[in-house]
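Chain nomenclature is as follows: A, B, C and D, assigned in order of appearance, with residue numbering initiated at 1 for each chain independently.
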Amino acid sequence: MQGLLRGLVYGGLIITVLMTATAWGMWLERKLAARMQSRIGPNVVGKFGLLQPVADLMKLLQKEEIYPIGADRLLFDLAPFLVTTFAIATAAVVPFSAEAVGADLDVGLLWVLALGGLMVIPVWMAGWASNNKFALIGGMRAVAQSISYGVPLVLTSLVAVVFTGTMSLSGIVKFQIEHGWLALWPPGPGVVAFVLFYMALLAESNRIPFDIPEAESELVAGITTEYTGMKFGLLYVGEYVHTMVGSAIAAVIFLGGWDGPFHIASGLHWMVIKTVALFASVYWVRWSLLRFRSDQLMRLCWLYLVPVSLGLVVFAALWRHFVLR
Amino acid sequence: MGYLLDSIRALGVTAKNIGRKPVTVQFPKVIRERQERYRTSFALLKDEQGEERCVGCLACERICPSQIIHMSSTKKESPVTGKKRGYLDDFTLDMTACIFCELCVQVCPFDAIVMLKVPHEPGYVREDLVLTMAKLYENAEKPLTWGNGTKLMEMQEPPKPAPAQAAAPVPAPAAAPVPAAVPVPAAAPAPAPVPVPASAAAAEPAKTEAP
Amino acid sequence: MGETLATSGGSQVQTWLAAVGFVLFSMVIAATMLGAAKLFAVKSKKPGALRDRPYECGEEPVGETRIQFHPRYYVVALFFVLFDVEAAFLFPWALVLSKLGVAALVLMGIFMAVLMLGWLYALKKEALRWQ
Amino acid sequence: MAVIDESGQAYDHPLYTTLINVPGLSVAVASIDQLLTWGAKNALYIFPMATSCCGIEFMATAAARVDIDRIGSIVRATPRQADVMVIAGTITVKMAPKVKRLWDQMPEPKWAIAMGSCAISGDFYRDLYPTVPGIDTILPVDVYVPGCPPDPQALMHGMLRLQEKIAAKQAGTWRAPELRPETEKMHGPAVRRIDDPERDPAITAEQSRQAGLQSPDAPEGELDWRGAEPVPVQAALELEALLRERFGIEDFPADSAPIVPRDRHLELANTLKAMGYSLLIYVVASHWPKPEGDTFEVAYALRSPNAGAKLAQWRVVLQPGETIESLASVFAAADWQEREQYDLLGVHFANHPDLRRIMLPENWQGHPLRRDYAADTACRPWR
């Protein structure tokens, strides 16, 4: 019971901060995108447009709810709920600092991968329930993409497990504090693993260049085509939270979590800086690159990413066995 | 590989842009300066004696491709010159279907109708976009474009031999105010040499501060 | 590095409970947002006759929505199962790698080799070629 | 959220109506209300209904110079997530039901901006057969942005006016502008046309005379648009030889294409295709009303893209009641071109795979490019 209470209190704290951060992450994305296009971005609502996410929320709250004819109403409602739940719940095991962690599970990494993998289900639910062809095609592609890129995601995080010998996220960070960040040490494969993980992260959170499920130019709005008001908002927020948590996990696994460079002033702030930087870089990529075609996406994954990440696992095992001992 | 290199270049371009100054003109605060020949909306002018220039000759009404100008007039004795001439009773210009072709300005023999540099305000009903006679005369206070009927017609005529005393280089038609006595187009009856219209058109700088 | 695993035992129950609490809270958040929308959302008094039709760029929807899909998606699903099950085997192996020694390394090497043989076969059959 | 519409309430707000009646809660409700109103007006997502040139200006509004994102507006491709429909461009009679459907599919509260003369009133196409005379004949428009097209800044201004309107409306202080009685039901421009029968022609003539203007009907002098005589080229000679030898045609007018008998037209097309004329350039029909019935002339042009880009043209004349063999079996491109001629002129093509209307709505009456078709023929429900 004491644990449940801790989860609720810590969870409440972390989730509130996370949601707030995500809301202003959206603002950051719009501002960044605007500056990349020589625009200003939102700057009328509040100082520097800082209240824009609040205005968006208020507007979404009052929009009418529409169920299209032939929609599966239960799944239609359940999908946004589950997307948000899964996206947030992933954050339970992320150690933002040595103390600020919701539940430091000894199989934390498995928790992350499992909940991240579960995201496929509500996305497909949304696509199926809408009774809309764009949504259905978007959902189908989303499933294909998510499960495909799930494989390199799992394998690259396996690299970290092989190196560190633990699946607890805080354990991985502690190992990195001792032995150096995984992205930098051992030189070479760590960086490759990090890059592959980053690409898989982009694909899992449906960001350009892997945003086939949304693909505004082909599929209108993908799975969200029929969603109005807050349900659309939840699907949207879910994606951003997913990206934010994914960035945090990438920072934990490969960038040493709360450890400062050369152990300088380690603490929560380093984790925040790394997460936000990764989050911003996702949107930097998003507003710079083009979208892959569906078949290119699949080929990239199965022909290159999967074998390379398998090779990395083998390398990690050898390194672990012969160098670290 | 090519995709990778191009991607990196693309990332570089966007990163470079972040540091640049945005080109956005923040509309309600700063009103963007219009180009020299930008033209929207209309105004009716009065001459120096305060008399309406328009005599209701229907030239604009007839030439309007969208057929949105409607006027009616009566003949009265002018209090200023004492001659009989037409006076507008009503003049309506319906902006809901205007295409801003400027033909009405070009055909006006009295330089009575001119165009503005500031657009007509968006309205809540169609009627907000109908320029009545009162609104058109009010609009004369706003920044006008350089062109009026005389100048526009001059532009299209073949260049005339310069008069002896006006040997000085002719200023560019776009910017310069018209010399005091312009030759009157042959078609127009001469109600005295056409006086310079308040000529705010060319001289007035574009308004750039808050309304 | 095996301490976490070894020392966990009883305290892990509390940690799992904490994780459950976290999930509960995230559900509460999502439910709150949906509930607030139910409260504040307006309702159309005279909805347009075509409001509830599925969106198809303004056209009347043509044909069935829930159609059959290309089998290539099925192949992808099969591959996913294959590789994810493999990853599930790899995790425990990775955790205890340092204790098991060279034998584990060799055995897992054989396992991966067999897997990659299958991958090569699929490649040759062009099962992963879309289009 | 007092959602009073001038035409009664367009949407209901159950929570508000319940809470406002609870004593003591009015302050809380009022502040929630203000917050919601503030949100509604500061996050206007746009659904672009861009059908023609105004759409380009609309895109420019979202671009860097004006940047509509500044006021929190983004463009969504689906009506389900949009608040404002920006109708930018001419709406044709065939497009109108689609626009209406998309409008219906937008969730309340929703708003519409008519951008540019065509959307507002149909502009100078407003009396033509395919044009809807103003989008406000099918859906309620909140803001009219004049211009042809309006520049991006004008659209931004329109968005700001819309924000003012939303604030006023949701605060319950919105009052519809008072209309002059004669324009209250204005569905066309307020201005009467010159050819308005109510206009006294004497006034017009008198006004012209006063102004010392010539009659505007006076001829402007002869215009000669004819160019040089067409130079016979090799392709024309080749076609001529073919027609003389195989089809026995002797009449070759200098200024137009030779006339081929109706029953040998398909054969000619096949022959020419075999000779390398593999590209169908056009199928154009024209209508000649005659006392004994309607005659049609259908002109064809083929091109051989490989051998020096030669052009072969011929005509087929259809007497009243006759049909012409479709070329769709020879040239795939003939399919829709013949449909177009059928749609606009009513020429019947025999053995066409799918002879339906292509440009006009299925239930259209008549064929608008016939010479006896009045350009402003009544078209339900707009005219």
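Everything below uses one rule, namely that a residue touches a chain if its C-beta (ideal position, glycine included) is under 8 Å from a C-beta of that chain, and two chains touch if they have at least 3 such contacts.
Since the structure is predicted, the reported quantities are computational estimates derived from the model, not experimental observations.
K.L.:
Which chain lies at the heart of the structure, taking centres as C-alpha averages?
P.N.:
D
K.L.:
Can you compute the centre-to-centre distance for chain B and chain D, using the mean CA position of each chain? Integer Å is fine.
P.N.:
Measuring from centre to centre gives 29 Å for this pair.
K.L.:
Taking the mean of the CA coordinates per chain, how far is chain A from chain C in Å?
P.N.:
That gives a centre separation of 13 Å.
K.L.:
Just how far, in Å, is the C-alpha centre of chain C from the one of chain B?
P.N.:
Distance between chain centres: 64 Å.
K.L.:
Express in whole angstrom the distance between the two chain centres, defined as the mean CA positions of chain A and chain B.
P.N.:
Computed value for the inter-centroid distance: 56 Å.
K.L.:
Which chain C residues sit where two or more other chains touch them?
P.N.:
40, 42-44, 51, 53, 55, 57
K.L.:
Which residues of chain A are in contact with two or more other chains?
P.N.:
Counting only residues that touch two or more other chains, chain A contributes 34, 37-40, 43, 60-66, 220, 225-226, 229.
K.L.:
Can you list the chain B residues in contact with two or more other chains?
P.N.:
Touching at least two other chains: 22-24, 26.
K.L.:
For this structure, enumerate the chain pairs that meet the touch criterion.
P.N.:
Touch list across chains, by label: A-B, A-C, A-D, B-D, C-D.
K.L.:
Would you tell me which residues of chain C are touching chain A in their complex?
P.N.:
Contact set of chain C toward chain A: 1-2, 4-5, 8, 12-27, 29-31, 33-34, 36-38, 40-44, 51-57, 61, 65-67, 69, 73, 76-77, 79-80, 83-84, 87, 90-91, 94-95, 97-98, 101-102, 105, 108-109, 112, 115-116, 119, 123, 128-131.
K.L.:
Help me check something: in the complex, which residues belonging to chain D touch chain C?
P.N.:
Going through chain D, the ones touching chain C are 1, 3, 8-15, 36, 78-80, 97-105, 107-109.
K.L.:
Within their complex, state which residues of chain A touch chain B.
P.N.:
These residues of chain A touch chain B: 32, 34-40, 43, 209, 284-285, 287-289.
K.L.:
Considering only the defined contacts, which chain D positions touch chain B in the complex?
P.N.:
64-67, 70, 117, 120-124, 126, 134, 136, 142-148, 150-151, 153-154, 156-158, 160-161, 165, 176-177, 179-180, 183, 186, 189-194, 203-204, 207-208, 210-214, 216
K.L.:
Sort out for me which residues of chain B touch chain A in the complex.
P.N.:
On the chain B side, the touching residues are 7, 10-11, 13-15, 17-18, 20-24, 26.
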